[in-house]
């Protein structure tokens, strides 16, 4: 079973040289810590920055320089600032190669729910609806089940949707799963996790073909 | 009868303090030379400049600094450069207070033809169609008749239109005319020009009410 | 034609109850602190606010919420504000949540004289309810309308007496978009200079969009999530 | 990931016959001189060019016209080019004239992922023929589609190795819009610096939109209408 850092580490293996990447709040943010050596990946922050760097050193925080999670950050050489319309413009135009974000639920056809629990939580969708509607490649980083142990990989989402038919891949604490036209397809198991356990914790249709390898980090 | 400079001079009397103004090619460009003392008028050039100044001194021409007529120009303090989308954005949004442009024909309902003579001349509309479709206030600067002596103020335009029902006022070599819902309304005569002459040279419906004063400069 | 005002109080003198007001900023970054303070002081009520966020409980738009000056809030994310959630759940406050890119583009559309735009954001979700949708090249888009705001209150880093504005870093965010979208746009700046002192090549918002400008008297610039790394990293 | 190319020849290596190409510039101001020279040298044919103007007889896009490399021209104003007028009147060249603001906004729409936009330009004229129109708030607008270009060739003043661009004065014009709109965008610059050398607050085109960049070998920057005033003025 993976911890949050390991989920981020596994997702980082999907990065390719020259990629522009948007990382959501939570586990996705951690992906930045595991960018493979030797490749250049440029991080986009949808509040108006390309070339996001690490958090600042103590005393070097700049209130005018934050990421989409409102955290103080820094910039890397070659960065650029722009307004929110251009930011979502480049997202809509498919210029961002990969989007990594969290989810409450994903359905076997790639629908995602992540922004609202009716009657309980109303934070708003922020940029998530724009990102999932536009991104060429979306990876969801999440726990396979909720705190009650119920599957978050469903036949159909119960919560209000963020976007439809958009998720391409899921990296959970248990597995790497591809979303295909025919349902979830199991690609890799977390170390020590059996196909059976993944099957039991996946409510949506899970396709298991041949030997499923363990993840390699 | 006014010459080109006098037409420009008369139009300049329509300027008000704080106006943002777009001046077309030809006579309209001359209006800049007659901006009344004591008021601030900012000239917009639709190729991407607010705060256009006079032509440069010899030797100070800058190939990267031109107006919409492709002429070398200068900037005034407080100027700003922007791209063509923003330029026409501010035009469409009605931020430009006054547009002055030339015309081949104007009809009594305010239609304007200025960009094409079928089979003879195909230069293109440039920004004229955007300007006439968007501007709050359009003044046309032109000769009252064409070189053959035929009226250019018509019941209906013969040439392909640039825009419909948009011209608010015409300043010609003979008269100042307002375009109303009921046709052309004569406001002022050029010095020495009679109402009869203006009437004879106006094909469209001309409304003459009361005494028509001579223009004062 | 003078655009320069002494302070927020003078610049906002004609904002009255019931107006539709845009406020720039993302979280607490780049918000018009002085304008918000003036709105609180004026005690104008029944405002409709268009802003990406709703501030925090005791800063930013949160100050207007606390004094119940808002009738309606149009935003994309309001997760940092408990008072907001309370007013929303009790029905005291009308709320319209819309995708962030839609919010930004509807501002831009207004400033660019485009009555409507198409975006795929929200297709298939409750955001799409009641909206016209249309397929282009096999992909579905929602038609979203330009905003119509009485006032836009924005915050810039530098401004000049002609109304030209330059923003700093990610404090730019929604500010230039809202600056274009207000029937009356009021800009507060950290540094106000004479026309001619800013490089015309570096202007983010041309002065034609800005009706009033003033130098903010003080900027707290509160940080919402102070995050740092260890120097060893 | 290297975006830097040695020269125009290398940067344009894969532009072949029949492609749709955008070229920045207004008149001769801010045109990609080195890219145009490379297109002439490559002798690619049957090109569709999207550009505000068509150059003059012996400079700019005029050079491509003279060698009959163009199949179609999409522009707003072509009044400065006699060869253009000749090819148009004889039917050798297909021409689509569209309003300048429509041209600019269709480029921007492409770079912003918006499939179509609404503009009042051309309503009631022959430009409106065959186009869908729609009334918003009592005013009629035409629906115009985003461009779909294979290559965008743009010219900037300064650029860095990450592809960020800064334009100079009115040489900006269509360049940033087309830079956003190309499936492959190639930028030529007067000055090419390392990433980190440009101020991120002053970037006009973020590098994400630029796929290839090179330093132009020479710039003539021909002036189309040299106009001066007397010093007494």
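Order as written gives the chain letters A, B, C and D; numbering starts at 1 within each chain.
Please note the rule applied: a contact is a pair of C-beta atoms (placed from the backbone, for glycine too) under 8 Å apart; a residue touches a chain by one contact, two chains touch by 3 or more.
Bear in mind that the values here come from a model prediction, so they are computed numbers and not experimental data.
A.B. asks: Chains touching subunit A and subunit D alike, please list them.
C.D. replies: C
A.B. asks: Along the graph of touching chains, what's the shortest path length in steps from subunit A to subunit B?
C.D. replies: So the least number of steps between the two chains is 2.
A.B. asks: Return the chain pair with more inter-chain C-beta contacts, choosing between B-D and B-C.
C.D. replies: Higher C-beta contact count between the two pairs: B-D.
A.B. asks: Comparing centres built from CA atoms, which chain ends up most distant from subunit C?
C.D. replies: B
A.B. asks: Determine the centre-to-centre distance between subunit A and subunit C, using the mean Cα coordinates as centres, and give it in whole Å.
C.D. replies: That pair's centroid distance is 28 Å.
A.B. asks: When the C-alpha atoms of subunit B and subunit C are each averaged to a single point, how far apart are the two points in Å?
C.D. replies: Each chain reduced to its C-alpha mean, subunit B and subunit C end up 37 Å apart.
A.B. asks: State, to the nearest whole Å, the distance from the C-alpha centre of subunit C to the C-alpha centre of subunit D.
C.D. replies: 33
A.B. asks: So which stretches of subunit D touch two or more other chains?
C.D. replies: Those would be 105, 112-114, 119-120, 167-169, 200-201.
A.B. asks: Of all residues in subunit A, which are in touch with two or more distinct other chains?
C.D. replies: Touching at least two other chains: 75, 81-82, 85, 88-89, 91-92, 134.
A.B. asks: If each chain is a node and each touching pair an edge, is that a line, ring, star, complete or other?
C.D. replies: Drawn as a graph, the chains match no named shape, so other.
A.B. asks: Quick one: which chain pairs are touching?
C.D. replies: Once each pair is checked, the touching ones are A-C, A-D, B-C, B-D, C-D.
A.B. asks: Report the residues of subunit A in contact with subunit D in the complex, numbered from low to high.
C.D. replies: Against subunit D, subunit A makes touches at 17-18, 20, 39-40, 42, 44, 50-51, 75-82, 85-86, 88-96, 134.
A.B. asks: Looking at the complex, which residues from subunit C come into contact with subunit A?
C.D. replies: Listed in rising order, the residues of subunit C that touch subunit A are 26-30, 52, 75-80, 85, 88-89, 95, 97-105, 107-108, 119-127, 157, 167-177, 204, 221-229, 231, 233.
A.B. asks: Would you tell me which residues of subunit D are touching subunit C in their complex?
C.D. replies: 105, 112-120, 136-137, 139, 141, 145, 166-169, 200-202
A.B. asks: Which residues, counting only subunit C, touch subunit B once they are in their complex?
C.D. replies: Those in contact with subunit B are residues 1, 110-114, 160-162, 164, 180, 194-196, 200-201, 203, 206-209.
A.B. asks: Name, in rising order, each residue of subunit B that touches subunit D in their complex.
C.D. replies: 45-49, 54-58, 60-67, 69-73, 75, 81-85, 87-89, 91-92, 111, 122-130, 133-134, 160-165
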